[in-house]
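Paired with subunit B in one complex and with subunit C in the other, subunit A is shared by the two complexes that follow.
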Partner chain A sequence: MGDSQYSFSLTTFSPSGKLVQIEHALMAVGSGQTSLGIKAANGVVIATEKKLPSILVDETSVQKIQLMTTNIGVVYSGMGPDSRVLVRKSRKQAQQYYRLYKEPIPVTQLVRETAAVMQEFTQSGGVRPFGVSLLVAGYDDNGPQLFQVDPSGSYFSWKASAMGKNVSNAKTFLEKRYTDDMELDDAVHTAILTLKEGYFL
Partner chain B sequence: MVKTSINAPTKGGFNFDLCQRNEMLLKKGMQLPTFRKTGTTIVGIVFQDGVILGADTRATEGPIVADKNCEKIHYMAPNIYCCGAGTAADTEAVTDMVSSQLQLHCYATGRESRVVTALTLLKSHLFSYQGHVSAALVLGGVDISGPHLHTVYPHGSTDTLPFATMGSGSLAAMAVFESKFREGLTKDEGIQLLCEAICSGIFNDLGSGSNVDVCIITKGHTEYLRNHQLPNPRTYVSSRGYNFVKGHTEVLSTKITPLKSKAEAALVDAMEE
Partner chain C sequence: MSRGTGAGYDRHITIFSPEGRLYQVEYAFKAVKASGITSIGVRGKDSVCVVTQKKVPDKLLDQTSVTHLFPITKYLGLLATGMTADARSLVQQARNEAAEFRFKWGYEMPVDVFAKWIADKSQVYTQHAYMRPLGIVAMILGIDEEKGPQLFKCDPAGHFFGHKATSAGLKEQEAINFLEKKMKNDPAFSYEETVQTAISALQSVLQEDFKATEIEVGVVRKEDPVFRVLSTEEIDEHLTAISERD
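Presenting the complex of A and B:
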């Protein structure tokens, strides 16, 4: 890449105005396992393929989808260990919010705080950005919500989204299949079909 | 500024820097401000299927009843509850904090919380504050290893017992338990014994009163019976209210002072922007 002389230091902008490390982090995400999320009328579904490196791995010990609170869950694409750190921090932040306001943390607040952590690691010395994108699914007073959080710390609300390998095919498939008044069962079915599309790639 | 992801040891515990100054002030004759203790009767028993916790509902500030129907049985986890005696703020804060820590632990382990975990978190916190956090607790719950009942004292010591009482009404309640408790009580017998103990505290101790709260914890199920018994209902002398008819009160003297207007309206310019 033409900007290679600027890719050694994270905290330096390249002449084209990019932070090259974040671009690299997104590449790490793009080569991770496919994960997707669909927002239905009465809930949200997130799904991913649990591809294990060998049949000898104990599959019960691997948890790709995790709970952050009783009503917010998360799936990732990219580096598993990085997602563990984020989930742990988010769980703690959710508890701190509850201790302060005696209210279960709204999904937008938790996403905002998780994104703030990810951004912090793009502007500090001696650390690297997280190599994961997260899909946060939650249900609170504002209904079902689905958010994607990127290594740069930016977050987007989606009706349906996919990340990781085969993302363009998955997104095209979702665009065709998505309807605003989808029921949760339909959403689950669509999610599985979308994952199957990229199964043999 | 720069935050790395190392977990630095937290600066906790009590700051003893001002103790020398306090001693000097005491020698000069200054009084330390006293803090308010709330009288209470809190109890717990182990019965054949699990644990039952009970508490009265009076919160006092010295000789005055501050809250006639407060909640002394605090939630720690779906299978663990904790009754608190002592300073109300301390019991609330410490149980909330440990409840939060238990929840995080639950997520990390993927398992149901254990009573001994709650116990250890509470006692280590209280010990590090050397008794200045005035919380005396009765902790009970049912986990994978069975039903458990513990008492926690403000300095951080704990007991494991089949029946326990704490608070100013503990002697009255313990008297009931010592004479009537036996192993292997059924749920109804347990609730009855427990209510008797709390009522003993309510009627014989000034610091306890009002109603009885009960919480029954069994394997896989918890029942929180708020105000299970109301032995002190409010009685009104007259349901019609009081009616003061003119002429029933003797008038000794009358003085009428007309109110004079002191304000003078003056025409002023509007405030400059």
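Presenting the complex of A and C:
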């Protein structure tokens, strides 16, 4: 892909063994609007701030939380345009899976493939890593699931997680409030409270 | 971590800076302002109007060839603020894309789908090192079959939003402040009010009264969803109406 003049990776190791472009990408995520997710006993909730730059913006034209399939949704923190690319690729992958297996794609599989795309962009020639972290929420045969995928392409399953600005306060708040047997309504309520916590800071 | 990048190319190509910023994208925004032009778009109840300055730097230039307002299809218009050459390149690709969409799917490309296409293209330039971001902010206008009049703005970073009113270029912030006051109570402007709000916003922000040859105006109306560039006579009528009103 791209010009052959750029067939070398822009993300290379520093002398201390770090991939600094990925660290910088995480900084971009950390300055994005807060988003969070909570896994309840009977469902998953994801939420995010939707602060628009001006009252002139038509807020119905903006949708930060998007569907990847009918039972898998995603929210991001970081660079909106980058998240659109990932959503588009994931939707296609989900449909390809369905075409092959005649079954809706399990959440873990879709997360794995999305993460693989993100990893590709940390190694391929002439591209930079994605400046977003994704929270993928889905419900399949294994019950409710919540995954966080980072710019490096690593992903973990979470009971509750937050990303973006004010993440440490949000996570502390979630740790205090989270219980394994939470119902979905409680989880939604907690999610909103957590977002409100960060609003005045 | 302080000398992390090593090569220090973060200002030359679109890779991350240590703070997680993309300098090339930020510089692209500056290039839009450097063109010295300001543009304004306003969405009314059943029409959309965009207005931009028409600066002809040399009297020997053929004025009719100086334009920032491009019809993409019969129903979609694009106002490009910034580097003219980048604008023409985008317009060429956009016209092709809109025509292919019509051919492939059998109906006109909707405004938001078109805006998304432009924004996604801009995003690619922010992620692949071999192409720089385009130095333009694009305002798209059209009438959507279901949602009515639509005005979208796409920027070099790949963001796009629908707007009730917006601005781009040199005096962008001043214009947005002006428009926020005007649109605060969600007014439903008629066609004449829409055009006059857009033109008077530009006049107020640049603090000069225009002649009809110094601005370009493009409109779409629900009752006639074709994208039209207003003629000098029509612009004159509106300018007269504004000065009589004040």
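To be clear about the criterion, the second predicted complex is superposed on the first by the 191 of 201 C-alpha atoms of A that agree within 3 Å, B and C clash if a C-alpha of one lies under 4 Å from a C-alpha of the other, contacts with A are read in each partner's own complex, and residues count from 1 in each chain.
Rule of thumb we're sticking to: contacts are C-beta pairs under 8 Å (C-beta built on N, C-alpha and C of every residue); 3 or more make two chains touch, one makes a residue touch a chain.
Computed from a prediction, not measured in an experiment: that's the story for all the values here.
A.B. asks: So, does A:99 touch the first partner subunit B, the second partner subunit C, both, or neither?
C.D. replies: After superposing on A, A:99 lies in contact with subunit B but is clear of subunit C.
A.B. asks: Of the partners subunit B and subunit C, which touch A:23 in the superposed model: first, second, both, neither?
C.D. replies: Touch partner of A:23: subunit C, not subunit B.
A.B. asks: Would you check which partner chain A:91 touches, where first means subunit B only, second means subunit C only, and both and neither mean what they say?
C.D. replies: Only subunit B is touched by A:91; subunit C is not.
A.B. asks: Considering only the touch criterion stated at the top, classify A:126 as touching first (subunit B), second (subunit C), both, or neither.
C.D. replies: Both: A:126 reaches subunit B and subunit C.
A.B. asks: With the two structures laid over each other on chain A, which partner does A:81 touch: subunit B (first), subunit C (second), both, or neither?
C.D. replies: So A:81 only meets subunit C here.
A.B. asks: Who does A:57 touch here: subunit B (first), subunit C (second), both, or neither?
C.D. replies: Touch status of A:57: second partner only.
A.B. asks: In the superposed model, which partner reaches more residues of subunit A, subunit B or subunit C?
C.D. replies: Between subunit B and subunit C, C touches the greater number of residues in subunit A.
A.B. asks: Once the structures are superposed on A, label A:14 by its partner contacts, choosing first (subunit B), second (subunit C), both or neither.
C.D. replies: A:14 contacts subunit C only, not subunit B.
A.B. asks: After lining up the shared chain so the two structures overlap, which partner does A:31 touch, if you call subunit B first and subunit C second: first, second, both or neither?
C.D. replies: The second partner, subunit C, only.
A.B. asks: Considering each complex separately, which residues of subunit A are in contact with subunit B in the first and with subunit C in the second?
C.D. replies: In subunit A, residues 85, 88, 126-127 are touched by subunit B and also by subunit C.
A.B. asks: Enumerate the contact residues on subunit A facing subunit B in the complex.
C.D. replies: Answer in residue numbers: 63, 66-67, 85, 88, 91-92, 95-96, 98-99, 120, 124-127.
A.B. asks: Hey, which residues of subunit B end up touching subunit A in the complex?
C.D. replies: Residues in contact with subunit A: 2-5, 96-97, 100-101, 103-104, 107-108, 110.
A.B. asks: Touching residues of subunit C toward subunit A in the complex: what are they?
C.D. replies: Residues 1, 4-6, 9-10, 13-22, 43, 112, 116, 119-120, 122-124, 126-131, 152, 157-159, 161-166, 176, 179-180, 183-184.
A.B. asks: Quick check on the complex: what are the subunit A residues that touch subunit C?
C.D. replies: Interface residues on the subunit A side: 1-3, 5-6, 10, 12, 14, 18, 20-21, 23-31, 52-58, 60-62, 79-82, 84-85, 88, 121, 126-131.
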